[in-house]
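This structure is in structure tokens; I'll ask about it shortly.
We call the chains A, B, C, D, E and F, going by the order they appear; numbering starts again at 1 in every chain.
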């Protein structure tokens, strides 16, 4: 499996180990049952249909199991789909494990944790520093592996951490040009803004929204956590309130989930930096298989736009 | 002062004690200083301009002081305005005190507190009951006098409590028709939904938004308080989450300040009951000086509508 | 048929008489014709596909006919669907008739008609009373069986009457708390607001919009009817105009079909009461098969929300 | 009075008879009463302030009276305003009467009535013809003098009739290019669409909305009138319904007052023709005093646009 | 082939030459490949599926080829679909050519070009005339055959020219009623407004948006072309700017693609005339197969409305 | 004049040379003429009224003249206003010139021009480089002094250049983190995006929109200029089209003036960078006179928000 499934074009054949992300039974128009499989490796996902299944197949090819598949990539209404020729379950003999198949951040997670720690270490405002460190330590373990979302951007293992580290670098590079910005506030805002996603989402494997995630959401959860941390650490002063405001307002508008708009300079900047990193991640994704001179598929989370790759830009490496 | 200033029509003369709610200095177009006074008694407010003031006047006629005024109500661009003929500060001799001049709820506050207590007492779900009672006790003192808003509806002493009691009665009368409703949840939601207004607003006199009120808002404050109360009382279980959701969603939409829409039956009902009580309060207000057969002033908070009083309805008692 | 089809879960087998609500011919991807059947009993509806049909089947299994079916409930893209094992038409021998299969209001229609009559009887304003009684008598027969809509809420036999009776009770319970409300106006508004649905909709069986329903709509139809009734009864006075306004404005906003917003206190209340009863009916519906701790399907008419049933609430009786 | 007040530029002096359209008392910032006069002649309107008034002045210079004024046009915050030097009431000796001062349509009203009659006469569908003629006769007297609005466009004596006649000509010229259009329907729609403005508005002098106009509106009034006319004339058939739909839908969208959008070809065309004639009337108005190479004042009813007159266009005749 | 495919009803058989507009391979739920064919003749389009295809079929039945088909029109989810019984490619023997199968304007293109030339000839403003003539000559060849769009309205051979000629006639007929309109400007605006569609679209066969069409659009392209033409012809004066503005603003609003709203009387009129001609074309289209007394399919580009054909109107000739 | 007028608080006296930016005559409510002066120095603006003026005053105190004023800053409806005690025109003796009074960028313009030149010099794509250099040279003189807007942000001498240089630095710092970005495109987009503001605006003194600015706008102007420059330089290739697209789309949405949304990665980034620099400039402005612990005035161009300066931030230097 030298080339990941994300890079297979229509017409190419596939001979690979793949993880079944989800497997749903359906009934074909001829009345026969089939399985609709969402297959994944580190590079991406591909759908496949397994026709004419037995009840044994149904019990075998379930979410979380690894299979060996031979087939061909086909076009189905403008989407790539894998036509299965052979499929078999794997055993210990195959020496494969789920972790090898989950897409994850392009950087090492311990390195990234170290980098966040350094930003906290460099803070000058002791209250902001203590609050941020406390909450970072509290959630560090889940933070290290959590995705940042269920779809659209940074929806991979350690996606949240990767997003935060990118935003910290961006904050530093931007703040160097605007001396009025309080970098302690800005870095703390970046580290805390999405931290409660470790509670809003169910974790890196088969990521879903939790019930508290649906009823309360990560923004309100984090506002509460900051309050409780401040009480626990006996920190008083407006820093607590201001950090809560930054988390609360980072989606910028009521209709996007923030009950208050940013009313502090650093809160507005936090929102813009979040936006840049998310959009770059999404645009890189939709464009990475596009041939120069062509338009991408429509990207729903980017206002349904179809992006263009100019003819004078590089083609994707693996095409 | 038998007839309050709310009831004086254009052309009538006024001879009354009034409280100066706000007094702002301005410069007339002839270059002379004047005071723009917002005067109030229990029935309402009236604007007045005090022309040609000395610096002594400026020091005397300040917010919070009670004055004796003789004058006449005039029309100024469609608004009533008091033309001052004589004005003097009051002394101990006048035997008047600010409390007599602040508009307040039409019911006795202790009676209302008692009524809320009874609703809590009748709850069957012990977790909901303990949480609600704990938070009610915690804020009871400020809750008893706080207005529910700075303007539009229930913006008077004990306005918040009056609004809550009306909503409890409404909840009871509506829930009696829809047996699927969980009245413990609904009553608790009503009691808690606006409770953090005691922190969002600065209190009954010269009510303004506090800094935490502007940066965080009563909804997010209360979600945090519920969490902290549950921890303090060692209450676990989904009741805590559900009560937080009810508070969080009671404005119904993101653009109205709720980060989540109501996703529980009782949360949706809480929003509708809040809406009914606020609208009835506002409509009664805009219509109470309107003569049958005429339209009211436009009410900004009621989508800028001008309401009609049918000719076959009663005229206002004091007109 | 002890348990209605609304209550069958995926995987359960079905052996029941069912009414074919609609039957549409389609062509399968193998080129063979099939029938897409919408099946109904008093508890709800279920889709089924009948594969490989003959032209005789096509002529037999038509809208309005009752069939006996054996099969199993399956999941099709998240929706329940009935897989048919055997199907046969019924004859006189089966002793079944269409009325037994149409969902209808949970209360007896004559009792409900009696209740409306009592509300009219109690009115004090003779003009309002005569107008309301006249129009109620005129449409009473269709009013007694008409649904209130083609979908979303109260879309069953006598749904309109059931909705009106619920709203009358709600009006009474709410008005008891707000003494400024004119109950004659409010009750008359409730009784008349949707009355022209008997002309906008085609009746209780296979309910559709009529051509006048699509081109004019029940709101404008009823405004005209009130005018004509007043002329017929020689009633003059503003009551006629005000009742027309209440009907005209009860959808509250232009984009929801009301050319004028409510400009009278009772008109605003009518809109809010209509809203409460419709929403309670819809929420009860989407939640009634949901297991505690789970979220419902998305409800399009409730802003596409998915509602949650708390774990401490009761499970559905039949699950 | 050779040149009307609409054509006086800032800096020019005025010596003319003018009608007081409205006169409102105000209080100046020095505490003295003044009158805010809206003055009019056939060409337009001008505001003026009369300072330092006595109570006798107040009783003399009232709405509907004609005065003789000498003064000068000045600029007040970008608006023209008349600075009064002398003002006196008129008597029989002045030989002036209100009719001479009201702006009115540029065509003779009897000629226009005759033209409408001819369009009706030429209709081929007898039902449409009889209904239209009946309603036209019924309202002819008020129709002949009614304005089409209180402001924005055609807000002058016979403005409604002038608007209808222009639209009839426009209909004829457009329909000659689209043979699928039913001209009987289109002409009838034009004649009836705004007819109930004779009831929605209070007439040509000091035009205001009536109470039924505010609570019901001309669209719903006319739908009712068509129904009643059809009953009176014993006309049956879909023509009645279709004409009602055309009136109902002519504002095109719910938020503009039409409970149904146009669903018939001729209804859509009616809306577009109404739009063209109203916009041309408004644009001609805002541009008629603009010098080539300059932008007009902002026109609120034209989406607040400021229109440009190209340098190669003609200057206004009287500038 | 006496009756075009646009006029075939469900159930009718078809025996005709048809052009394959597009042919896309799909995989049926039984795993077999099929072709999804979009077939066209001068009257319209019809979809068909060709099941069980060989790789030879795939190579034969490609876009742009003409086939002979026997089959039957069926209903597929409310859409007409052709069920193919026999299909064969055509040869020289069949004496058919693609031009015979492309829908095109109902008028002769040379006649229409002549008509446009006459409008230009009659212009009085020499600058406007020279600019318009120059650009018309430059693009005349493509202009003569280009469609006006890829779908919705005037999407046929010479559709752009036909739309422009209709708009010129409309302009003349409307301008005759509003003497303030500058017809030179208006006619030039009509001729130029969509001219750059010859570059935005790929031409009359298999019409698609070009890359410059997607990245820049016809409006901005044309603004540039006018500037360049003026430089080439050494034309100075505000006419150039005003014509650019007319093209720029003809979509009326930012969200519809115009960076400036119409700020000149003739620009507003251009927008309204464009609107009338497009809507009439679309409504005629959706209604031309509708039987009197029925509603059309929903038309997405007409705000998703379903139009009604009154019972007293003519049925379609060929039904 | 050590401390600029931007920094004077209410109550402070002023003794300074100031430039009259605009002077408009008005009529006071006592009928006397006055001048409404907009006064400016390098730090900001202040309004003043000059009462009881003679016609000589009117001729003396005109836009563009420098005056010496003694007075006091007062509060007028929440805005600072200068109360004039003495005012006199200046002569050569005063040794003051307009340039000293116009607010301008905080950096030297030649230095900034040099910096832009360096960015162009470093470009690797020769087509992009030549186009950008050509257009930069063409407009360099006006570019060096033009403001970026008439209000809101960068509305000072050399504001456009200062905005572009800040954005170039921001581009460099951000692009260093996202290697997929084409910096040639991004830098060229930054340099060109607002270049046509030199034609849209009337220049640095008394900045207004020009007629072409209002009718066409800087975006469309620049798209044309790029096309013409490419023709002049005989540059072909997609770079021309892509640069036009970047300029065209940099306002991101139709309702904000861009006929196409960004469809290329660098175009999206250009929009975000423009946004960051404009917002930082605006926020710094509204906050720079705010005392820690207080909220700023509402900023219309920042969604009418009122920004907060935390108590733990620095107070303004000069307060």
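Just a few scattered comments:
As a working rule, a contact is a pair of C-beta atoms (placed from the backbone, for glycine too) under 8 Å apart; a residue touches a chain by one contact, two chains touch by 3 or more.
In this text the structure is predicted, and so the values were computed from the model without any measurement.
Contacts with chain B and chain F are shared by A, D. Set side by side, the interfaces D-E and C-E show unequal numbers of C-beta pairs in contact, with more at D-E. Per-chain CA centroids place chain A at a distance of 39 Å from chain F. Work out the mean CA point of chain C and of chain F, and you get 60 Å between them.
Centre-to-centre spacing of chain A and chain E amounts to 44 Å, using the average Cα coordinate of each chain. Each of the following residues of chain D touches two or more other chains: 29-30, 211, 214-215, 238, 242, 263-264, 295, 308. Viewed as a network of touching protein chains, the structure does not reduce to a path, ring, star or complete graph. Chain pairs that touch one another, listed by label: A-B, A-C, A-E, A-F, B-C, B-D, B-F, C-D, C-E, D-E, D-F, E-F.
Residue ranges on chain C touching chain B, taken from their complex, read 125, 166, 169-170, 173-174, 176-178, 180, 182, 185, 237-239, 242, 261-265, 268-269, 272, 275-276, 279-280, 283-284, 287, 295, 303, 305-313.
Residues 211-212, 214-217, 219-220, 223-224, 227-228, 231, 238, 241-242, 244-245, 248, 253-260, 263-264 of chain D are the ones touching chain C in the complex. Remark: chain B residues 25-27, 29-31, 211, 214-215 touch chain F in the complex.
By the touch rule above, chain E contacts chain C in their complex via residues 28-30, 34, 49, 51, 74-77, 81, 83, 293, 295, 308.
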